[in-house]
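The structures come next, written out as structure tokens.
Note that chain A is present in both complexes that follow, paired respectively with chain B and with chain C.
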Partner chain A sequence: MRALAFAARSLTRQPARATLGMLGVAAVGALLFDMLLLSEGMIVSMRDLLDRTGFDVRVTTTPEMPRTAPRMENATETVDAIQKLPDVRTAIAIRFADVAIEHGQGEPLTGTFQGIVGASRPWTVMKGRDLHDTAAEIVINRILANDLHLEPGAAIVARTSCDSSPNASLPVTFHVSGIVSFPFELANEIMIGGTLATLERACGDVTRDQADMVLVTSTGPSDAVATAIGRIRPDLRAATNAQMLGRVEQGGFTYFRQISTVLTTVTVAFALLLICVLLTVSVNQRLGEIAALRALGFSRRRVVADVLCESALIVGTGGLLSLPLGALLAMWLDRILKNLPNIPADLHFFVFEPGALLLHLTLLVVTAFVAALYPMQIVARLPIAATLRSEVIS
Partner chain B sequence: MSQVIIDAAHVTREFAMPAGTVTAVRDVSLHIHQGDYMAVRGPSGCGKSTLLHMLGCVDAPTSGTLTFDTRDIARLSDNERSLLRLRQIGFVFQRFFLLPMLTAAENIELPQSEAGVGKRERQSRTRELLDYVGLAARAEHRPSQLSGGEMQRVAIARALANRPRLLLADEPTGELDEATGGQIALLLDRVNQDGTALVIVTHDADLASRSHRVLMMRDGRIESEQAQ
Partner chain C sequence: MLLTRAHLLLLITSVVLPSGALQAQTSNAPDVLVSRQLAESEHIRVGQTIVLSPHANGAEARPFRVVGLYEPTPDPQRLGSVPREVRMHLPDLLNVTRLPGQAAGTEPADGINVALTRRDDTDAFVRDVNARMPGVGAMRADLAGNAIGTFTVLERFHYAIAAVTILAATVFLLALTIMLVDERRETVGVLRLIGLPVRRILVQILLEGLLVAAAGAVLGLLLAYASEGLINRFFQWKYDTAMLFVGITPRLALRCVSIAIPLGAAATVLASWALLRRNGLRLVRR
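So, the complex of A and B:
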């Protein structure tokens, strides 16, 4: 009987203890897996979100995030100038405004109006059609459509404000051409899209031509395009997706990584203690038998291997269970965390990556080995004669 | 004269204790030949088990020399001693030390498996041994399903699994009633008659009386040796 089979049989001696050990490792392993998913999850998800928009350079007036930075003037002219740069496929300017949609049943619904200048659109049409560049035509997101039971072709009345409260502006009727998905819309956030001209007309600001951000799709290296934009408009800050991600990482995202590192360390330490205690108790209860096996000719290496295999079986089985458990826990935690304010609906905190799985498995293997070190040492240093003598006396 | 298996010359075993050094075995010299049947008797604490452990290569003398087949035990590595025990020496313990999660057959197979014996040969030898100790019908029973005498018979079969030249038994009837102890004594007689040298540490005068030689120990020394 080889060491692994022998270890498996040894575990069956105390099935309750072995099961508890495996379940303990499964629970700790699930938490460990989730912490590893969390450590990079938001960054991976944000990168995916940025890439999915189809724009790889973002231009603002300062390094601050859009809507917190001052607006840029002459948006149309800026977009045209960027559009003419080599390696630029398309450029659009976006202006954000607050909007209040009237629906005749109490308080108006408030949301965000994105006004666009340029040939492409930052949203994806889900139903109906995209807007034509005609006045008073808009697209809406599914949240608004669901809230007011709107379909393409419907009309809504909204007050839009580019600077002050939307309630201060005049109500304007808009026609819904389609229902769309905005890449960075927040959970439960109402969003409307239209042309910048439509937005400014609704604001009563027909000549301002201001934008919060310009989005660029390049055909070549995005770094070079960002540099070229900086050259023609030194007053603006052009950042590639990678640079935007860097800015985001320097912000609040690092806290998640720090929390994940601390919790990973704690969970690994807990798993180590759990397995070490279980194996030590188990080995101490079997000292007489182990001494007898040694007397019968079992080598030191063999009895040490038995203990290591027991550890590997407990951690291995618990580790396997931890994966589906961790996945379920990650989905649940993700749903809870996405309720935090100002989190885009498509952003996830826990994202599966092969690297996280590999690290998870590596940590479990190391845990199985390190946790078994002390009980292995007990077995390796077991004095055969003295143990047999003390077993008889006891 | 038959071949000498163990040659112990002026063997002493001391233990360092907090209260001072304790000498468990003092200047003991003896030979064990092929086919010998020797009993070691004496009061508790006289060094019987310590001597047995040294003869079984699980302990080494503090001074003196102990050779197994002319190989000096003190010069063997831990691994070499393990291998020697596995192939040449069998142990029977007072408390049996059968593995409770294994069946009787699996307990007997275990040392053979460790010695690298092939599965078919292992199974055949195990059947043969179970038959030998009269437990063929109990092959698939676990130790918890066996009586004390049956467990000791399985332990003897396990000790014989790799065809050792020397079988050492430490109080083999110590946990058994008189009748069951008698059955074990008969079995041990048979083991010796079949050619295996036997050294038994026992308080049981009846068991000792079946041996060819009886060593009486006191205070770590051999007080007397009687041939029977």
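So, the complex of A and C:
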């Protein structure tokens, strides 16, 4: 405790250098904290998004991500077969199609039409009501509602295409029953939801009964349900939320993890080097003073502890400052990265996790200790008489 | 105005060696190019015949002769997913994917790439197509696709990281220069006492700062050049792609130097300024 107070006094004697050292650690620490948040942030956010949808098994034709895999045939029959499995509460098939909404002035608004087969719905109603069984009814997301000032009960004219550009298909009038929130909708993405029959009618009355994926809610262990689906439909790939996360981790999102690892390493090395240099220069400037203290009776252990405490104070204060700074920086960087194409609006790149904070603190503690090793060694090996003599002569 | 080609990809859902009824079709099988990654994972060789199907269950499979392997154009949107792709002539693709009852020639295509004889005409051509062909949207190739957006966003992200790093480095640099200047307090005091004006000493310090900053910038660039290949090789191996992740161009190097040198020199002068304002006797502690 005495060593800490002594180190604090040493630092306050040189306020400019101590403040700059702490600010430097704060800036580096903020970057380090953000990189640790980034390394797991997307996965944590994606897990949260997947869990929030209420479906715990996703079925596609290949291990590719939904909408990039080939479509499955006989969607209705597939949903019925899965629905009959034990431990399955509900199953729905989703077919995605491009849609262009006409609105009188200017270019049509383009978006995605989700056609559903099954009893439950993947969206949450925010205003109005859910679909009834009429083929002309749809639900829309808030972005479309805001863009065209639509309310439940309004009618819209849209061109939908299951194969090519929506501009090539015929316009169809739909009635909006409700305004909903879709899971995984992209920022500024226009989305429409309806039954698969509605979608196929909009596509020109072509009954293909195809789906991009099937979502399943299980009552028991999702692994067992995924295995059971694989057994009845070996041509399909059923994945639990955990397995989907695994696919996501193997996909493009790993880029951010790699970037985070590289920047974490560089940041820690940078902090280590600079704190070590700061302490070493500081100790070298005070060699005479330290030798005098030793001559007055300060033990070797005590002067070494002083240096370690100085390091701990610089890194500790900087580290504390780095947390709010890091949080602000994370918000800024998250806003930048959310402009990436095809990123769901609710997905975040920087997500706070206690584990990240713990690792951040651990790395700072290790940095404070390792950075102080060399200056501690200088102080420990300081020859008292020779140093005092050279101080007097100089 | 010249119509060139349509880029289309067919996702392979089954790759098997031909047998039985398919054997007869293999003699006049259409040509196909296979991506290097697919060729490696499925052990496909040039000259071999493969069977491709548009359906997940392998129905309506047709044989194709592999006439070459290609390296897919790196796509940051698909980073991490191995590009298992083939390329074939558009009529061959349409023969495979045409819906039952659909007349040949009425199939939709994803896009048409156009190479103009004069690049300056691009904007006028885009305007012309959009005005004359309702239902078709033309846009400049350099503005098309999500990849541009991805690159722009990643560039902004990297700039933001660089800005924070420069800020942290500047703070540390100031702390270090303050300490180093303080170490030379007595030398500066003696120079003042023997009659050197403040401006003369400041110029000397500035020159020293410039030299040190230049040496640091050169060392930094050398380190960056040395690690460039290493980083690229690691990420290319990690993602099985030909994409370049780090590219140190002369323009970029110049930008780094133009930031590092003035920053280093400014930090030295700033740290020295407070010292030089003091009296010479105070500096030598007399």
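Methods note: the second predicted complex is superposed on the first by the 391 of 394 C-alpha atoms of A that agree within 3 Å, B and C clash if a C-alpha of one lies under 4 Å from a C-alpha of the other, contacts with A are read in each partner's own complex, and residues count from 1 in each chain.
Going forward, a contact is a pair of C-beta atoms (placed from the backbone, for glycine too) under 8 Å apart; a residue touches a chain by one contact, two chains touch by 3 or more.
Every value quoted in this text rests on a predicted model; they were computed, and no experiment measured them.
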item	value
Side-by-side fit of chain B and chain C on chain A, or clash	fit
Which of chain B and chain C A:D48 touches, first, second, both or neither	neither
Partner chain in contact with A:N342 - chain B first, chain C second, else both or neither	second
Greater residue coverage of chain A in the superposed arrangement, chain B or chain C	C
Superposition-derived angle with apex at the Cα centre of chain A and sides reaching chain B and chain C, degrees in steps of 10	90
Partner chain(s) touched by A:G21 [first = chain B, second = chain C, both, neither]	second
Partner chain in contact with A:Q258 - chain B first, chain C second, else both or neither	second
Touching partner for A:A30 - first (chain B), second (chain C), both, neither	second
Touched partner set for A:L274, first chain B, second chain C, both or neither	second
After fitting on chain A: smallest Cα gap, chain B-chain C, Å	11
Overlap of chain C and chain B interfaces on chain A (superposed complexes)	none
List of chain C residues in touch with chain A within their complex	11, 13, 54-57, 76-81, 99, 108-110, 134-137, 146, 149-150, 152-154, 156-157, 160-161, 164-165, 167-169, 171-172, 174-176, 178-180, 182-183, 231, 235, 238-239
Residues on chain A engaged by chain C in the complex (per definition of touch)	16-17, 20-21, 23-24, 27-28, 30-31, 61-62, 64-65, 68-70, 72-73, 161, 163-165, 167-168, 235-236, 250-255, 258, 262-263, 270, 274, 277-278, 281-282, 285, 329, 332-333, 336-337, 339-342
Interfacial residue positions of chain B with respect to chain A in the complex	49-50, 53, 56, 58-59, 78-79, 82-87, 89-91, 93-95, 97, 99-102, 106, 109-111, 113-115, 158-159, 162, 170-171
Of all residues in chain A, those that touch chain B in their complex	1-2, 9-10, 12-13, 288-289, 292-302, 384-385, 388-389, 391-392
